[in-house]
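Starting off with a structure, shown below.
So that you can tell them apart, the chains are marked A, B, C and D in the order they are listed, and the count of residues begins at 1 in each.
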Amino acid sequence: MSATGGNGPTTTSTPTVTYREAVREAIREALTRDERVFLMGEDVGRYGGCYAVSKGLLDEFGEARIRDTPLSESTFVGAGIGAAMGGMRPIVEIMTVNFSLLALDQILNTAATFLHMSGGQFNVPVVIRMATGGGRQLAAQHSHSLEGWYAHIPGIKVVTPATIRDARGMLWTALEDPDPVLIFENALLYDTEGPLPQDAGPVPLEGAEVMRPGDNLTLLAYGGGLRKALEAATLLEGEGVDAEVIDLRCLRPLDDDTILKSVGRTRRAVIVDDGWRSGSISAEIAARIGEQAFWEMDAPVERVCGAEVPMPYAGHLEQAALPSPTEILEAALRTLARPGR
Amino acid sequence: MSATGGNGPTTTSTPTVTYREAVREAIREALTRDERVFLMGEDVGRYGGCYAVSKGLLDEFGEARIRDTPLSESTFVGAGIGAAMGGMRPIVEIMTVNFSLLALDQILNTAATFLHMSGGQFNVPVVIRMATGGGRQLAAQHSHSLEGWYAHIPGIKVVTPATIRDARGMLWTALEDPDPVLIFENALLYDTEGPLPQDAGPVPLEGAEVMRPGDNLTLLAYGGGLRKALEAATLLEGEGVDAEVIDLRCLRPLDDDTILKSVGRTRRAVIVDDGWRSGSISAEIAARIGEQAFWEMDAPVERVCGAEVPMPYAGHLEQAALPSPTEILEAALRTLARPGR
Amino acid sequence: MLLIRRFEEKSAELYQEEKIRGFLHLYIGQEAVAVGTLDVLEPDDAVVATYREHGHALARGIGAGPIMAEMFGKVEGTSRGRGGSMHIFDAATRFYGGNAIVGGGLPLAVGLALADHLRGLQRVTVCFFGEGAVAEGEFHESLNLASLWKLPVLFCCENNLYAMGTALERSESELDVAVKAASYEMPAWPVDGMDVLAVRDAARRAVDAVRGGGGPYLLELRTYRFRAHSMFDPELYRPKEEVEAWKKQDPIDGFVGKLQEADLLSDDELEALKADAEADVDEAVAFAEAGTLEPVSDLTRFVYSEDPAEEGS
Amino acid sequence: MLLIRRFEEKSAELYQEEKIRGFLHLYIGQEAVAVGTLDVLEPDDAVVATYREHGHALARGIGAGPIMAEMFGKVEGTSRGRGGSMHIFDAATRFYGGNAIVGGGLPLAVGLALADHLRGLQRVTVCFFGEGAVAEGEFHESLNLASLWKLPVLFCCENNLYAMGTALERSESELDVAVKAASYEMPAWPVDGMDVLAVRDAARRAVDAVRGGGGPYLLELRTYRFRAHSMFDPELYRPKEEVEAWKKQDPIDGFVGKLQEADLLSDDELEALKADAEADVDEAVAFAEAGTLEPVSDLTRFVYSEDPAEEGS
């Protein structure tokens, strides 16, 4: 599909870049384009970012705009909120979602409430980026997938760029958004590669996207789960099943229309969610399908989620704890085996 | 129903007590029964507890066991976790769920992970109590209903005593539990009254309970929502509808059996949840019903939830933001009006 | 100060009448702090306060009417009735709440100052908090960050000796708040918070230094609340005699006494001022009473901004 | 120290071979700190450490084999392979992790000490953390609470000058960690963390004082990590010369030099010790290699305790 923010049909080269480079390019563009933008977080400067995302930016933009912070998650997130209200457009980087719990009070009780509590006077145009997800044997305190959990909070938007294009294009849109936007970057994606047109630009934050059209059932995924859903779709093709794959892209607000349009047609759905199953965003999606497409569905919605366990270090256990293409395949076949109504 | 932990059929008096008194009595009993138990939190001592729950306990048990803490949520919760591992049985009181966000790192990254990360060596027998809920015009930073959200976290148990009996009986069971238990007390319940047998004792933490049997549909509720569901059931009776009302009691783990047994029979369900709708525990329950009772249901599961808005101060807006018996009634009538399958 | 005092007394009455609901934290006894500090600010400086902020809001020049209307839950209130007593906001005077999470306002103040610093504006952000907030981690993090980055914040710790029912010596290992500032290399000094002139002098020096680029300052304003913590507080934790002793230092009586000694205020003038305050408060109540309620259909407004074009502040 | 050094070097090799995965934080250069402090503890004292804790675990007497097996993800590991390098735990020696949230261990240590205090036990809890953790709110809250309640905690701040790539002067407004302790009325002093004897002396005095009921103490152990922060770190933030200069203060070379000057260690003895360490590490690797993997069917074990009867610790 074409980059939503492109400027018409010009012929430009389409180099292959990594997700990491796409995020870096997005930050660089934002810093160049708007002098109110700055980047702030732990080790974003001299260290180059714990995932090397911001490498080189300190040299290019200087200390005032690439700000290394002390280890004080609550305060530098709160300071980002304050700076946003003070007329700047901060990009706050929390190294990983695991540490964001220390800043949750500021996110939920300040960023998400101020517009409302002030009767519409103070909006908070802050962007908070963080890495998320498991799969690298980092164990129980460094492997959370909480983006779906964050989507419970009214007053913020939650996006999960899963593609190179979204990694490149969502940041600018987030910075233009008047309200707090949380961007969750699955850490396993940083090394993934893909083509990115040189004139790739901003993309909308909201709206799910059909990544692979299909007729037999719908696979719904986001962030780190999208690759797995696409892989499962390929496996399903081998079984003669034509799966539609949807990238949710934005977990708050969810795009009910796209979801319902697809499942209304395929009548069967599997949701892929790295988060712990109980109370995950997959539950919300399943509940909405049940509410809005009750008579359209031929089989119960299946959920392939993270196991309900703090992430184990051992590789084989961790892999078993996370959704896999095989599990998705099995769930898909299970739902297809149901009699229908 | 009879108090689960009673000691056989002795004739005892059954005085009327408030929920507050029931909680206080539970704390008093625990302190008396086990010298490892102590109470720790902000203003639990000299002030008597911000909801007057612990009034009088300082005089009775002394400073060592009724410990006023500084305003340091993260640290006194963490200290409770440490003390639990050090051989004590702390009851940590966080004034309200709103401030618990400051301690969420300790709850999720320490209390919930230690048993697992240590390969089973270190369990954490801590009990954390907190007030929850809206409805008292305390506005956007003091009215959260996050107990359902907490239920996402593996490694902890989440209970929501909604009755005098549970307020009295869950604490001791929680203290005997080897793992962290979070007790959410809806602040609107403290003043409610009811009979409590003098020999009332511990009750199980887990297991939903049928509070009112009925055949036409199932109302599922917890904590502050239970009263409303019961009121709605009375209203429904006026409409000739016989509603079953279930008190979920424990949000993690959920009691699927009781829920499914009921909805399998009534074939229609309404879930009442004070929390913000998207990603609430009501979504998990609806998803599970969809998964496990797909062919049994005659109509989509209805959810009556908190509006997705930081709680407004103005009374009429706040009331509109919270589930009401009338809304439950309407949802019930809506689901009953569905054609069935 | 007279206006604040009268406003708060009236609020207490209206709470009894159930016109005001929720939590209500009165400022009676502490008036000199808000009045003395805010007097030295420029119009485009910023203020961050707590749930005990009526005094600060009034001293900052926000109308008594809109504040009262806010507590009545009316659209004419400072926050359209969505905030209530604990959440007074005002964009015109850069009044950023009304924050009800203890310590939660400090990072915010640091951020507002950071914005000014980056934008090259000579503005000051004043951040009020109680001595109870000093134990919170955010106090530590915020003072460190503000000092490390030399940001223009004036931290005003209102030490009224109690955080709800917890006396300072039960919450702090070191009682001298100014000593704590030293561990962030931040200048700090204690001020008699019952003496409005002393407060103003100290605030002026501090604000000038902050505005001059000297980095953050901390003032410990030693004061006392004459009333209960909130309307629910039975005050079991402090002896009546202590309260009575502090009442002898009433900031209003003290200031009036000084003025009268210096023959700057006649009894008649004083009575006239009191009558003015009374009239202002009456007017505020009338304004609030006459206000309208937000339609329920608008419940979910202000969760997200309504027009992306009107972004920014 | 030789064992730790060799263990860490081997771990780095095994990481290259992908036998060890995840994050691996080496202790090379800082050995004197763990060895010097833990030497003075009693068996039933408690230790709380960070993700850079192999050295502490070894110095506490936990077997090299189980630690290595843990990093191999084997059931024979200290945490059955569920924790990995960052989460070494051992109930027998009261070793409470292996905590990978910076600052997260401090409240825990306060709680363990509170338990001892309430139980009337003369035990000490030693809590290790990096200088980077000093900026976290939990540092502030924990030092205050421990001091306020006079709890038996020894806080050991391992100041290796960097938190990942952030130098101390970029994270702290006041560089002297001991000065910070003063604002909690807590005794504190700096120690040469490259000198194992100096560390042991300081630790003995501090532990004795803590055990004697004097309340918490803080030691700032000045040290340096010779290797990268973790295996992913390109070390862009510090000059090679700085690292080389610090390597001249190698704690092992220093101690060996002293021993040899005093004729307490012959070259042969040193070689024998090194060979012992080598053999121990080889044995640990063999033990780890021979270990078994937890069956996948057991994935969700240890989320909740298995037998309520075995509660407590």
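Assume contacts are C-beta pairs under 8 Å (C-beta built on N, C-alpha and C of every residue); 3 or more make two chains touch, one makes a residue touch a chain.
Note that the structure is predicted; figures quoted are calculated from it, not measured.
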Of all chains, the one whose CA centroid lies most distant from that of subunit D is C
So which one's got more C-beta contacts, A-D or A-C?
A-C
Just give me the whole-number Å value for how far the CA centre of subunit A lies from that of subunit B.
32
From the mean C-alpha coordinate of subunit C to that of subunit D, what's the distance rounded to whole Å?
45
Subunit A-subunit D separation of Cα centroids, rounded to whole Å:
36
Cα centroid separation, subunit A vs subunit C, in Å, comes to 40
Going by the touch rule set out above, which residues of subunit A reach two or more other chains?
69-70, 72, 74-75, 98-99, 102, 105, 109, 116-117, 139-141, 154-155, 308-310, 312
Tell me, which residues of subunit D touch at least two other chains?
79, 81-83, 87, 99, 101, 104, 135-138, 141, 144, 148, 170-172, 302-303
For the protein chains shown, what form does their contact graph take: line, ring, star, complete or other?
complete
What does subunit B use to touch subunit A in their complex?
74, 98-99, 101-102, 104-105, 108-109, 112-113, 116-117, 139-141, 144, 148-149, 151-155, 252, 254, 275-276, 278-284, 286-287, 289-292, 294, 297, 299-303, 308-310, 312, 341
Residue ranges of subunit D touching subunit C (in the complex, touch as defined)
135-141, 143-144, 147-148, 170-174, 179-180, 182-186
In their complex, what parts of subunit C are in touch with subunit B?
21-23, 70, 73-74, 79, 81-84, 86-87, 99-104, 132-133, 135-137, 163-167, 170-172, 232-234, 236-237, 293-294, 296, 299-300, 302-303
Along subunit C, where are the residues that touch subunit A in the complex?
46, 77-83, 87, 89-91, 96-99, 101, 104, 106-116, 118-119, 137-138, 141-142, 144-145, 148, 301-306, 308, 310-313
Which residues, counting only subunit B, touch subunit C once they are in their complex?
42-43, 45-48, 50, 68-75, 98-99, 102, 136-142, 307-310, 312-317, 320-321
